[in-house]
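Should a chain be cited, it is by its letter among A, B, C and D, assigned in written order, with residues numbered from 1 in that chain.
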């Protein structure tokens, strides 16, 4: 499991005085950086180097999140398939679980535009973060 | 069904040369404005006036989206429950369906922080946009 | 002069009930698309093709902008230098000029990471949009 | 001076493989949180409580910023006027100053929509962060 801290920005809020629904997918994406580093140790976000693509995202909004208090994102691997894997994430604020999310990512060859089997050494590293 | 045009911004792309996964939830949120207007004719996005809150979001990424071509979002109501309703959306670019999304929204009293039954006149208006 | 319409999204607002200061640079960037097309007719936003880089941005916030009303961005070229040019922009809502902005952009070779003289045919096209 | 760490998100980059110009105003806004706390100890971002509004923003882009390396924002107060004050900020990555920015903020009564003189106790706290 990885833990990341989010410093809530005024931009993350909306006219209702709470954090806007669109901020959660961005926070979860930011918090997946350590997972991306397992696949891309040099973190080169370029088509000739990067190897992950997203195919599915879901978020459940459990409670409202507010400006002024740090948010903690907890990131777990929940499933490792042949060429895809699933990431489960939680957003916590003031000791309360405020939102959960899940994304399905595919190990992908951008140059040839096709999915690939996740290599064994990466599987091993991923499995250390299994829920 | 509502149709909205999205003018893709450089900010919507990422280092992989395609549109980043986090742009879709924002485009879909923007394209729900006409639906929000059914519930809030004066569009006052304030806690003492607004009456919708999101509880669930999902996006399926079918194909990559690129900068330089307009995106069209098609927005449908897919289900009307007691206090909640579901919106189904599609993102099209160059005649290809690139992504689909679904959100569950709840008719909500922000002052008292509780859900309410969707009134009949709103149900009638929503039903005109049923999938 | 180019005119663009912005459909204000709930994400663009903040807890103060108005549009957040960070939305203006994004709206102005989106509205510069037609200018970018003069330099990049195929709109390929890639290091081996694109030819503009930003060196300066400023925004003056004249009046608050709200959700629920369309925003119009007016985009002018205000100065054409040797390798750089300046873009002046205005954001209007309900007939009121709400914000102005200026950016300095440089004609740039990303492969060799150096600025270049703006070609004459592009100068001619730019000059049609001079303030 | 305040120091903040930014975890660069894929969303912050664009098709050119670097960080998009629109990310800097957002990072600088996030990094002003400790300054905002001087004015608003309870950090209630609501019209009946908050007391700062932005009137001017500028950013100078000195060098390209990349994904994969942490960014540090350094935040200073550069001028304290009667009702306004100026914040100067720098973005550093890998020991290089990549961008600088300046914003002018006004001490503001949102209920009555008018500027106010900055109180002496706040002036004293601000002056501890003078450049």
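Brief remarks on what is shown
Criterion: a residue touches a chain if its C-beta (ideal position, glycine included) is under 8 Å from a C-beta of that chain, and two chains touch if they have at least 3 such contacts.
Keep in mind the model is a prediction, meaning the values are calculated, not measured.
Counting C-beta pairs in contact, the pair that comes out ahead of the other among B-D and A-D is A-D. The chain with its Cα centroid farthest from the Cα centroid of chain D is B.
Our note on geometry: chain A versus chain D, Cα centroid distance of 27 Å, whole angstroms.
For the pair chain B and chain D, the distance between mean C-alpha positions equals 31 Å. Within chain D, the positions touching two or more other chains are listed as 9-11, 13-17, 20, 22, 26, 29, 45-46, 67. Those residues of chain A that touch chain D in the complex are listed here as 4, 7, 9-11, 13, 17, 26, 29-30, 33, 42-46, 67-69. Contacts from chain B toward chain D in the complex involve residues 9-11, 13-18, 20, 22-23, 67. Those residues of chain A lying in contact with chain B across their complex are 14-17, 20-22, 24-26, 29, 45-47, 50, 53-61, 103, 110.
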